[in-house]
Amino acid sequence: MSVTEQKREYTVKDFGSDQDVRWCPGCGDYSILSAVKKVLAEAGVPPEQYVFISGIGCSSRFPYYMSTYGIHSIHGRAMAVATGLKVARPDLHTFVITGDGDALSIGGNHTIHTLRRNVDITILLFNNQIYGLTKGQYSPTSPFGKKTKSTPMGSLDQPIAPMAIALAAEATFMARTIDMHPKHLMATVKRAMEHKGTSFVEIYQNCNIFNDGALAYAQDRKVRAENVIELEQGKPLLFGKDMNKGIVSEKGHLKAVRIGEDGITEDDVLVHDEEDSESYHAMLTRMRYPELPEPIGVFRAIERPTYEDLVNGQIERVIERKGKGDLQKLIVGRSTWEVHEDEAEAGKG
Amino acid sequence: MSVTEQKREYTVKDFGSDQDVRWCPGCGDYSILSAVKKVLAEAGVPPEQYVFISGIGCSSRFPYYMSTYGIHSIHGRAMAVATGLKVARPDLHTFVITGDGDALSIGGNHTIHTLRRNVDITILLFNNQIYGLTKGQYSPTSPFGKKTKSTPMGSLDQPIAPMAIALAAEATFMARTIDMHPKHLMATVKRAMEHKGTSFVEIYQNCNIFNDGALAYAQDRKVRAENVIELEQGKPLLFGKDMNKGIVSEKGHLKAVRIGEDGITEDDVLVHDEEDSESYHAMLTRMRYPELPEPIGVFRAIERPTYEDLVNGQIERVIERKGKGDLQKLIVGRSTWEVHEDEAEAGKG
Amino acid sequence: MSLEAQPKTPKEVEELPQVTIRFAGDSGDGMQLTGTQFTNASAIFGNDVSTMADFPAEIRAPAGTVYGVSGFQLQFSSSAIYTPGDVVDCLVAMNPAALKVNLAELKHGGVIILNEDGFTEQTLKLAGMDRNPIKDGSLGKYTVHSIPMTQSTLRACEEVGLTGKEAGRCKNFYALGVVCWLYSRPLEPILDFIEMKFKDREQLREANKRVLRAGYYFGETAELFTRVFRVRKAHLPPGVYREVHGNEALAIGLIAAGQLANKPIFYGSYPITPASDILHELARHKQFGVKTFQAEDEIAAICAALGASYGGALGVTASSGPGIALKAEALGLAVMVELPLVVINVQRGGPSTGLPTKVEQADLFQAVLGRNGECPLPVLAARSPSDCFEVALEATRIAVKFMTPVMVLSDGFIANSAEPWCFPNTGDLDPIEIEHTDEPNGENGRFLSYKRDEWLARPWALPGTPGLTHRIGGLEKQDVTGNVSYDPENHQRMVNLRQAKVDKVAEFVAEQEIMNDPDGTAEMLVVGWGSTYGAIRESARRLLRKGVRVAHVHLRHLNPFPRNLGAIFEKYRDRPVLVPEMNKGQLATLLRSKYLVDTQHLEKVQGRPFTTVEIMDAAEELLAAKGAKK
Amino acid sequence: MSLEAQPKTPKEVEELPQVTIRFAGDSGDGMQLTGTQFTNASAIFGNDVSTMADFPAEIRAPAGTVYGVSGFQLQFSSSAIYTPGDVVDCLVAMNPAALKVNLAELKHGGVIILNEDGFTEQTLKLAGMDRNPIKDGSLGKYTVHSIPMTQSTLRACEEVGLTGKEAGRCKNFYALGVVCWLYSRPLEPILDFIEMKFKDREQLREANKRVLRAGYYFGETAELFTRVFRVRKAHLPPGVYREVHGNEALAIGLIAAGQLANKPIFYGSYPITPASDILHELARHKQFGVKTFQAEDEIAAICAALGASYGGALGVTASSGPGIALKAEALGLAVMVELPLVVINVQRGGPSTGLPTKVEQADLFQAVLGRNGECPLPVLAARSPSDCFEVALEATRIAVKFMTPVMVLSDGFIANSAEPWCFPNTGDLDPIEIEHTDEPNGENGRFLSYKRDEWLARPWALPGTPGLTHRIGGLEKQDVTGNVSYDPENHQRMVNLRQAKVDKVAEFVAEQEIMNDPDGTAEMLVVGWGSTYGAIRESARRLLRKGVRVAHVHLRHLNPFPRNLGAIFEKYRDRPVLVPEMNKGQLATLLRSKYLVDTQHLEKVQGRPFTTVEIMDAAEELLAAKGAKK
């Protein structure tokens, strides 16, 4: 989503609504709300130019807490609603707020099709690896064996990785960030907003009621460095407290290595490139804790025309060629005939 | 799907139903039907042990033409139906027949979730890059710009690659084959059947009425060698009429090269490995014509417990621990009290 | 009219008031095109016409099979008609299967025109016929003309330079030529059509013209025909006419609505028979700013349309029964957020996948009652192809006036039928006025998103407007402010308000008209809705000729019912009320519960429309039974 | 009964026939647990009990806010009761918000027990209160007991070694102790519960016990209470009882159905309030071979259940209104393929997302009529928590007997309420007999998959059986053979057969019973369905005491209606018929159209159940109006 309007000064307060925030105390959603408000305040675009569209879930209450336009729609369908809005109104800055259940369980298909169309919207997926609002069933991102209300002996489904789904859906922008890493969170949301096309951001979010600590390996400052790689354009994939570990690819097979050991140098390590190429991005999406550290930051950011521009382009092209539609001509159609007064005897009502 | 029963002799005829086949003359579906019947005849398992479940589409008429059990269900939902059946009846050999619209448009989400669960079923996706049954609208696999009834100026959605979706969905078995390559088709279907877990096979299929020749680059014997790589376990990714071209990975970026040029030898070429590793498989799914030749054959075949085995495993474990359920105990619950005859005066009806 | 248009040697010309022809052949034989061209020629000639298409569910089933037969029926008439005809006067059959499937509906003594070349051993077998009906005398009670059409077609094309296969495909125009001669139809409109259609394909153009003429001249020359028929011009109300199909008229109506409202149409849809053609048609008219969106499924389609409406477009979505089922949850959201939305259901045979290419009216319950919660919305039904235009316009007017989703019911019969349309002058169409709030409507500059106007509609404030930011959603909301509210009394109030708003639509739309009973003395009342219009109207007229007076009420508004409908039932109290429906009595159920009127039901759930006679018979029986009771 | 169980110094003991208590606090305050324990103790003591939970839609809204208030109401009585009570006799409020939200329903002169420590400046502000009601005299008309529960709780735990936070969380047991003393409840069942619940957590076990006792002794010691109350044992029918919640009873009923049918249950579901607990409950009973499948959405859930049924399991799926909407298309498939399937709708407030945690009965139309095409299926409704068990069993019996999907309606009130259940002995339950065809039923060894038995059910042939291979699907099928058929007459026949089959269910199930009118002389008839049972029953009984005779018909079978229902309306013809519903008259609509009976509607769409008084008032008004007319 590109933010090009003339900038004015806004504060975080300008983006908060008068509704009380009703998340559980301690929920990771609070920090995301606050980060988004900050980013918007800095963008300098007035609140009425934004629309926040959500599905159903704890996370999906988000729009009520913003002073922008918004729709709290139905479970799993926020992206479809956003697509229609954006195609009708390319001028609006459109956000989708969704959860791991909303976007990947019931709404998984809309996620895929929205991404491949590349509608210019920003999707923030709050991934807490649980269904919060319905009080704690496992979600498509919950680890195998997760014990929850609906799986007292452990869940049996292999979890899916939102980033992998996004790439398979031909996403032009995909990124991951963390509720408890506000700087990274804000920077990532900002990049996502600036992207022209669908931007897809997975945010690790703690549900302290039903899934407390499930993502601590990435959230907790104490261990984060060992478990997470912060992606930076043009920089090698290094990680670890001392940044002395890296990722190499051996004929397509990924491995974590220690720089300086077994003759490995920094040159052997993969170098991050957001723009090129699909196969490299595909590899990134397969890096998962605990086998490998998990990348955070912008995985991929490529250019492709947006869906709404293409739609409008076709309309413009036709109008250029044929002129604006003439309703009378359309109604008249190709061939007509006339019935004259004197022919008309018995009426047809 | 594993075929372990005692083998008897069956012929292709044993697997054909008494219903007239109603596809358009020349449709690629015929050759797939014939290949499947041949493979089943060879497997030596009687027809009543198979169930073919389909959604809606031309391809989904398939079950009517088999002498097995079958359900022609509703659009996009065949995999969900098959999941229920297989979990209830692990003994049955269950096939899903679906189309690119059925499995990737309306049914995209079920595809993902079926694959990640790894129910032991065999999915055959007839990809003709078009909606056949509804008379020719573009599908999720149609190329960008495709002119169809619903897109007279060309479609605007980026196509998705079924193999990429399958891997993102954590498929344990994925393969691609071609209607007009019967030997390869049969071999691939056979491999898929033998796989224990969800096997996902994309079959390039010609719709000669609404999309004739769309996949000719891979179907046509004359050009196939240049555009397609036949994957073989442990073999390098070579292609071309003279097998003198290959695929290399440069730090995760794929390239087609000519062996012998620029100092490239066969050793530089990627070597196919069905089992290992995700990142390599991820790269394979991104190879697309015309940029790169497209792999056919088995992309990936790994082992993971099947969903139905896990479900049954939990049940068995509980029964081992607690014994079979005692209905009376369940009804009685934790605490009861008794009302005696003499206490009872006014009844409660 | 040129010479070509008149039979040169009229052996014997018989005048007929009207004729029903059915063209039947393989799906690939071009029967729809053939029928359409004959219809067109008849309409331009000045007949009233009415058509019906009958597709197989298969795309192109193997040639010669009975399930691959595609049919096209039309009635053309010298007076106003309302149906494609009950029984067929003339059957054109290109192969045995086509003959087999359609023979039952040919009248005794009717004309059969056969493609003799299509009756081979193989095709006979495919149709499951032991013997060749052309030869075994089994068609004795009909007038059979067996013509070697394929041969003649090939001969006519000889010099054009087509391949044999290409030339063979022209044989439908041969059949058309023969029929044109037999019914004294001018060839010119058809020749014009060929000219245009094959503009860039010289050989095909030439071939088809030659073949058409060859068929026509064959008729003229051959000794086969001892007489030809003529149907005079109809006396239609004066005006300029065109032919229009139902789905086409819906598309044009939607575009017109957009133009009259000065709003872009956003059409979100997922293909499904028989609704897909609306998408195809709209996609061709981008110069009107129409945005068509082929969604990944029906749910995405309606949700996107709703999103577009929030943004200020006219959101529209369409499907058929199974797809409408999938939209139910989102329709609930639309009712709750109170945004305009037009939802079209082109009904087909159900339940489930049912009979996808056939007609039925069994989705009325689904439209009016098929959602969770108290979830009312206005429901309109079109009664004929051209009426689709009007209904699309009216649905849009209601949607924007009342800020509500509106359901429009059409069906597979209307969708694929054509009739002459005395189309309007755009200048005469009322504009659709929409006001977007642009100022706070509450105290202290607050915007109250659920403060209602005199029609109980809430304001339509567009995103982007400063000072009016607000959030809507599916949770119950506080009256006036639109904030989320779990308050018990507020919920009751909102449930009541949503119902009252929809009920108010009855004040906005016209009163119900009674047809065929100017003085209120009819012996009975027939109430219908949707595409039974033609059959009921025709039977009422024919009963009148027999001296039986039947009042006809045809409902466009199925929810809420017209405000005077109760009074109408009062008026006809003690007279039988017949409700013919292509379902098991869905409208009847709604009427009975609302007005406690003891309706009699006439049902037909066979995937095809009522014939006039069926309705006449039912009416007469009902009257006889009543008479007997007296 | 031990000493602990009886107040030691009964200041003044007042006997009461019944008492209604409401516990209210923050979502995190454990009010549901507190209420449940009190209920349990009362039931074991021998009272009749009835409960109602009132959750907020938020998981755990910030402490102290009004929308975060969680409530639990119970009535316990010395005679049979059917509702959780109209007005509250005693309100326990843990903070200002809880007081504010619930005060309106406390009777004049009622008892309020407050946690004084919960009334801080901050919590008062959060609840939007300017002044402290404990101090400002605004509670003058009530008997207020303000107790520093938090402080006392902390003191009671001092030696146990919990953190302050942990200890603070026990304060609900302090409140419970106080209330137990006030209403002369034995502590033992609660102490037993604590023992079991904290089996492995010594400190918590100890703390909770101490706190409970501390509250109890506080009551005994403090000068606050001048009298205590006692409610005698109720005179219930003899038998062994347990307490059961609605969703629990549904789960047990389903498991019992599986056991009685000797079939595994396959339960496919997607979580949704208030149905999720059925999934949670079933998932805990794998030792019965139950397979629970948490699907990716509601559509997958029902489709998987249908697939399982095809394979020979008992397929079951459940959801609430919005999720049931999504299942409509697949329900059509189930009707078409004629497989057994149980579909449960635990209704909540609608439309759309509506009021997810509140009760409503507005999905009846959706259940009976909410699909495309003519798509009939049996619909049953449970009337109380324990009735859910019976209904689950009966629904399964019908599903397998008639090879049909069956819809079961429960609601958010039943789901979360509890009542004593005089549960059956499994030995007394009739087995569910299922016969799977294992031989061809046609000529020449052909299997005819749609050949029907005397109940019009088709055979249930299981995949894997040799000789019976067949294909089913959503397209219309030929009568008897089950092959795909587009034949018009066949379609009509199949539509009729599907309807006739469902209609036949009325022959299979019991006749409708009339309550409260043994001699048929009642002045009016009240017809209800679902969870209004208790309120209607109670009002009928109370009216009787006032000399007003009201017959009560409570429908379990909503489609088809019981076979004698027409006769019942005949019988009460000319007497008013009142239909109270938590919707805008959905049952009334169905009754009116079917029986042309002029029902009077009493509606309440407020997310909460009827009170007895509301129904009594409506009945009396109706009678008065009728009297006036005379």
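Remarks
Here the chain labels run A, B, C and D in written order, and each chain numbers its own residues starting at 1.
One rule holds for everything that comes next: contacts are C-beta pairs under 8 Å (C-beta built on N, C-alpha and C of every residue); 3 or more make two chains touch, one makes a residue touch a chain.
Note that the structure is predicted; figures quoted are calculated from it, not measured.
Across the two interfaces under comparison, A-D and B-D, the one joined by more C-beta contacts turns out to be B-D.
Among the remaining chains, the Cα-based centre furthest from that of chain B is the centre of D.
Look at where the CA atoms of chain A average out and do the same for chain D: the two points lie 39 Å apart.
Chain C has its Cα centroid 42 Å from the Cα centroid of chain A. Look at where the CA atoms of chain A average out and do the same for chain B: the two points lie 28 Å apart.
Among the residues of chain A, those in touch with two or more other chains are 56, 72, 74, 105-106, 108-109, 112-113, 140, 153, 311, 314, 318.
Annotation for chain D: residues touching 2 or more other chains are 67, 286, 296-297, 322, 329, 332-333, 352-353, 473-475. Interface residues of chain D, counted against chain B in their complex, comprise 40, 43-44, 46, 48, 79-80, 189, 192, 233, 235-244, 252, 255-256, 259, 264, 266, 268, 285-291, 293, 295-297, 299-301, 303-313, 315, 329-330, 332-333, 337, 422-426, 463-475, 483-484, 515.
Across the complex, chain D meets chain A through its residues 58-63, 65, 67-68, 270-273, 276, 279-280, 283-284, 286, 292, 294, 296-298, 322, 352-353. Only residues 17, 19, 46-49, 51-53, 56, 63-64, 66-74, 77, 80-89, 91-92, 109-110, 112-113, 311, 314-315, 318-319, 322-325, 327-328, 330-341, 343-349 of chain B touch chain D when the two sit together in their complex.
Across the complex, chain A meets chain D through its residues 20-25, 56, 58, 72, 74-76, 105-106, 108, 131-135, 137-138, 140, 149-153, 155, 209. Residues of chain A touching chain B in their complex: 105-109, 112-113, 116-118, 140, 153-154, 156-161, 164-165, 167-170, 249, 251-254, 270-271, 276-280, 282-283, 285-287, 304, 307, 310-311, 314, 317-318.
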